[in-house]
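One structure below.
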Amino acid sequence: MLSSSLIRELTEIVGPGGVIHDSKQLAAYECDAYVAQTGRPAAVVLPADTDQVAQVVRCLAQAGVPFLPRGAGTGLSGGATPMHHEVVISLARMDKLLHVDFANQRATVQPGFVNLELTRQVAQQGFYYAPDPSSQSVCTIGGNVGENAGGSHCLKYGVTTNHVVAAKVVLPDGELVELGDPYGDPLGLDVLGLLVGSEGTLGIATEITVRILKRPQAVKTVMAWFERVEDASDTVSGIIADGIIPAACEMMDQLAMQAVDKSMYHVGYPPDIEAVLLIEVDGLAAGVDDLAERVVEVCRRHRVRTVRVAKDEAERSLWWSSRKMAFPAIGRISPDYMVQDGVIPRTRLTEVLKTIARYSQEAGLRVANVFHAGDGNLHPLICYDARIPGQTEQAAELGRRILELCVDVGGSITGEHGVGVEKIREMEYLFTDTELHLQARLREAFNPRDLCNPGKLIPRPARCVEVKQAAAALASHTSHTV
Amino acid sequence: MSSDEPTHAPIAAALADAIGEAQVRTDAHLAKRLSQQATPIVVATPRNPAAAARVLRLAADHGWSVLPCGAGTHLEAGPVLKPVDVVIQSTNLNQVVEYSPADMVVTVQSGMPLSKLRHVLAEHNQMLPMDAPCTPAATVGGAVSAGLSGPHRVLYGTFRDLLIGTRIILADGRMVRTGGKVVKNVAGYDVTKLVVGSRGSLGFLTECTFKLKPLPLHRELCLLVGKSAQVDWVRARVMDSPLLPSAMEATNDAALIQAFISSRLGTDGPAAEWLLAIDCHENRQAAAYQTEQVLLLAADLGMHAEVIRGQDVERFWARHAKTWLQPGSVLRVQAPPTDMMSILNEWTQFAHERHVAATVTASLPAGVGRIGLWAGTVDEQVELLQELRARARQRGAASLLETAPKTVRSVVPMYDSPRLGTAERRLQAAVQRAFQSGGSHFPDTFAGGMTS
Amino acid sequence: MNRALSQSARKTPAPADAPETGAFLYPEPPDTDRYSACVHCGFCLEVCPTYQETSDENLSPRGRVYLIKQAAQGLLELDEGLENPVFSCLDCRACESVCPSGVEVGALIEKARGQFHLKAEEEGGASPLTRLFLRGVFAHPRRLRALGKMLRLYQKSGLRAVARSLRLLRVLPPHIREMEAVLPQLSDPPALLKLPERIPAAGTGAQPAAPVTGALFTGCVMDLFFSDINQATARVLTRNGITVVVPKTQVCCGALHVHAGDREQARALARQNIDAFLASGADYVVVNAAGCGAALKEYPELFSGQPDLYAQAQAFARRVRDISEVLVEVGFQPPRGRIERTVTYHDACHLCHAQGIRSQPRQLLTSIPGLKLVPLPDSERCCGSAGIYNLTHPDMANRLLERKLDDIPEAADAVVMGNPGCMLQIRLGVQRRQAGVDVLHTVQLLDESYRKEVIEC
């Protein structure tokens, strides 16, 4: 509980409707879209502008109360989960589009502005905002910055960090800083680049300037059904080897297809195919037909059963909904699921999927696979039932095995969902103590009192490690120079 | 620095002991290039990362000041340094570590020359799309550290978008990896971003992993010649169209125009002031459409236009780069694309009034422009640069002194921006300190920018 | 306390088939399977009108379902922490339209409200809904002047029973006078009384392959305020070869009771309607009010524990059709009378979200010669009417009404919809703004076009 004087102070800053502190109203803020771990916040504050955020942060910092920023709460790794009674600073009311400069292809938004809304607002003039996480109809650009969100089309167009050019940021002590430059390169060290993907541990972005792109003149979407996962994987490599960078290249396996076909986004996948690929090429109309034909040709070379190009926008949109709604659609075949976010070199796809299937059998838990095949970003969805004692732990253990597998083949534990609280342990598998120590020091540079989203992104004991590390370094160093 | 000023001889001896005599030399010329110091610099060229780590550990131990460096092709940049004891050079770390063409990812040691990497990748019809003007010796790590970029950043972005992982040896000799070898990765802080343009201030870069792109199957470049306003109008129209220029470079480089346009037009041709090069890396059909559209725009405005294809396109860009490799001072401006042509005009006029030979070029959609001053005394250049910078600032644009003789750099600060505030600079310094913990002996390669 | 993964306190471990009860101690608790289907993805947030207005997770579908789940697990009490989220829901079902997991939020909310209702009954106090009414209302006696008129309205209609059960009549929400001012004249006697019990299909036009009978559900609000629309509905049906029957023993659909949590009363009404309509032997139960249609289709929900009644309710529900739905299904005769107007179409929540009816009304409208249909931005967002929501939550309802009015395209001279609640609400807004826009039911335009062709021929 916060002291009543602190609540009064916060209320003075954001107004009476902007502070939720009644313990009965805080349960809804216990977690984001990652539900396996929860924590009750001390309060929720809903500021309306940069100045209010700065005042709120200053007020909390002075009181030594930890806090964390939250967008729409669609994060999949618990980045916005208050594990230490933090005050949740919800940016949901900061949902304005502040400025659009079409001629120079930049837009400035508040952090609570919804991703897809930006595309909607600039579509009339032929523009769009490229990063497109599956939750883009809900997730906020501030949240995207925090997580360095990706999406289906980042294969060709890059992830959030490639589109954020400048930001106003409230630092953990309440100071306001402007980072980045809207054009050209960062001047000096790219601090903005460090902030993007920092999961709210380095500060709170309150105004974000992003690139907006001209919509491609033409888009062709190809759907290909394969009897064997291997053929689908080989097709992905084959397309790339052909010198084509598709705008997107997505894969789903049998279980995922079954789940999503039960939702309102029913495509009607044949029950006996093992994998479906959704491949999109875009560009100038004159060149896109040729690209699509080449993609179809590569599919044919790899024993595709059926391959076709979307006949109209409605079909294309259905196919995409089928893909984008696949995660939550798992709710139709399993009471609970955990989604993993491992990344592997594209060429290891077949082998890794086989191993995942084996792990799945060993654990006795079903795993559906939905992923960005083009960039090797897997989303194994581990189905479980939390009501069965022990199954949550089994699912978590299976997830851990899968992530370690990704690391073992030269990949990473997370491609776009972030570390949050979920993958803290796997960070220790991926990084050495020295590396974690460096990251901890970077956090300290911004957030010396560790009040801003404590315990997220990097394991906390890194500071203890620091001591051990220093001793070890000293020892080896001495032995060398003697 | 340790209190007792070390001389180069004992440093060289200690380093030779640690990494082998053949990998250590002293260089008096380099000392003059880098700083005002009289004593020669000891240059260490370790043959493997472990040896590099030993160099840095020794330096930390003895309090030597160390400057990480590649082939040394871009040293006329940044503030003039305080005396440097040791330059640790990556040129002996020049191997491909891992190249998986099917993954379109390559990991190379930092000392590999960009020109060599280009050949390696071309064998698999791939490329690292970074086309900044460089000499053949320029290394991968040096280019990353210097944050170089070229005209094709319009389509491909910069190292910021292409570099996905590194290995760095910190000031205390410990090795860290940043990022990884997969194209998407958000595990931990994006430390890799900091490395781009870090100018050796964070550690000694030993390895870089890049995302690659397929070599364009077709090359087709439109060259439009005309007045500044015409060029700007074409820029606006193309940016507001679905066309996909891989580069859209405007320049008043007379030699380039002479070589590619005037020589063909003969003396009766129009007076060519500005050249706008619109490149296309799309497939043949798309390129044909784009060319058609660009030619229509040119015809509308009565601009002279030519189309070149295949190898000629390479030759064009090579000739474009050549101008920017000559010695001189290069000031970069970062501004909205809509302001760029007027800034370049103003700059050109200023240079003309001061009788300083100058060229300008700009990657228009990226909002990056450059002026190169190729003549004039130090005082003339300094005065002109300060004037150019002031004009840019009046328009809210940031500017960066990319290259200049030491004498100029000792007077003109590296950065100028109405937006780069003290808070951001303080954060940058704090980041640097986070890296240098326990070592902290890299000279401050940002000093000019950080303190002005 | 944090409940970490290892403690697995997210769900109290229990046999997978045993229903959790927790704070829900009364019959018909929210179904475990329904809230378990929610994976907390948050896709529902952006379409939820109350979340859009408040940005408060407590007032979002995901938040509400989470709280219901928490209560079911015994982690929350059945108190005001849950009450406000559950009762502030419009029950507009917009969330259901976007939910990839297929969570039936409406059913969860209704059952949770049932728990509060039963608790209040047990405690002998006022129901939460009634308490909401009480807030700040009794303190303003002048507002009670409207009571008389409202009472007369209520007395004449089937709404009386509803209002009584909700103790509505004791209080009136602050804006009732405004509302009352725009109520249509009650000159027309209710269609339920006026229409004959059986109206044969008209001889003109194409006949369906086999004779079709449609039993008209006349509704309360519809028949009280818009009995002409019921008349029009009957005309349009017969015009299309459908024999209309009007079961005279039909009663209120019970939607408002379900929304308020009074499931017992709703069940009684449902049983009477099921009997009345099944006895009529009609092929279809035809409804022109979206809210009633959705409630009728969901009757089986009320009888989940009673197999015989459940089967009957299902047999009944299978026959229920919205008027637009039945016309398209049977194959309606395109009207020939020209109507030179530009109109826009508002999707009533209980048509689009609860019944998935979106294209049929538009098909009817665009079949009318001369009629131009322009899109209404965000047409599926609730107008704030939501049953009696505009009476219980006037502030939120007003905000949503204002947004709805802002969205009406300038070109439109009428807003068309398929629900009387929306019609009253939007009419209120139009009147207030003095916007020159008619508020019409889809059937009214279709009927006008059919009638014109008779005149024109």
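Letters A, B and C mark the chains as written, and numbering starts fresh at 1 in each.
Note that in this section a residue touches a chain if its C-beta (ideal position, glycine included) is under 8 Å from a C-beta of that chain, and two chains touch if they have at least 3 such contacts.
All figures in this text were calculated on a predicted structure; none of them were measured in a lab.
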Q.
If I rank A-C and A-B by number of C-beta contact pairs, which comes first?
A. A-B
Q.
Which chain is most central here if centres come from C-alpha coordinates alone?
A. A
Q. Which chain is most remote from chain C in terms of Cα centres?
A. B
**Q.** Rounded Å distance between chain B and chain C, as computed from the means of their C-alpha atoms
**A.** 64
Q) Can you give the whole-Å distance between the Cα centres of chain A and chain C? A) 38
Q. Using the average of all C-alpha atoms in each chain as its centre, how far is it in Å between chain A and chain B?
A. 31
Q: Within their complex, state which residues of chain C touch chain A.
A: 1-6, 8, 10-11, 13-16, 33, 36-46, 55-58, 60, 62-63, 66-67, 70, 75-76, 79-82, 85, 97-103
Q | chain B residues touching chain A - in the complex, by the definition given at the top | A | 54, 57-58, 61, 100-105, 125, 147, 149, 157-158, 160-161, 170, 172-178, 180-191, 193-194, 196-198, 201-202, 213-215, 217, 236, 239-244, 282-290, 332, 334-338, 365-368, 397-398, 400, 415, 417, 419-421, 423-425, 427-428, 430-435, 437-438, 446, 449-450
Q. Residues of chain A touching chain B in their complex?
A. 101-106, 126, 147-148, 150, 154, 158-159, 161-162, 166, 171, 175-179, 181-191, 193-194, 196-198, 214-217, 237, 240-241, 243-245, 283-291, 343-347, 372, 375-377, 410-419, 423, 427, 430-432, 434-436, 438-439, 441-446, 457-458, 470, 473, 477, 480-481
Q. So in the complex, which bits of chain A are touching chain C?
A. 20, 22-25, 27-33, 35-40, 44, 46, 72-74, 83-84, 90, 92-93, 95, 112, 114, 135, 137-139, 260, 262-265, 325-332, 335-337, 385-389, 392-393, 396
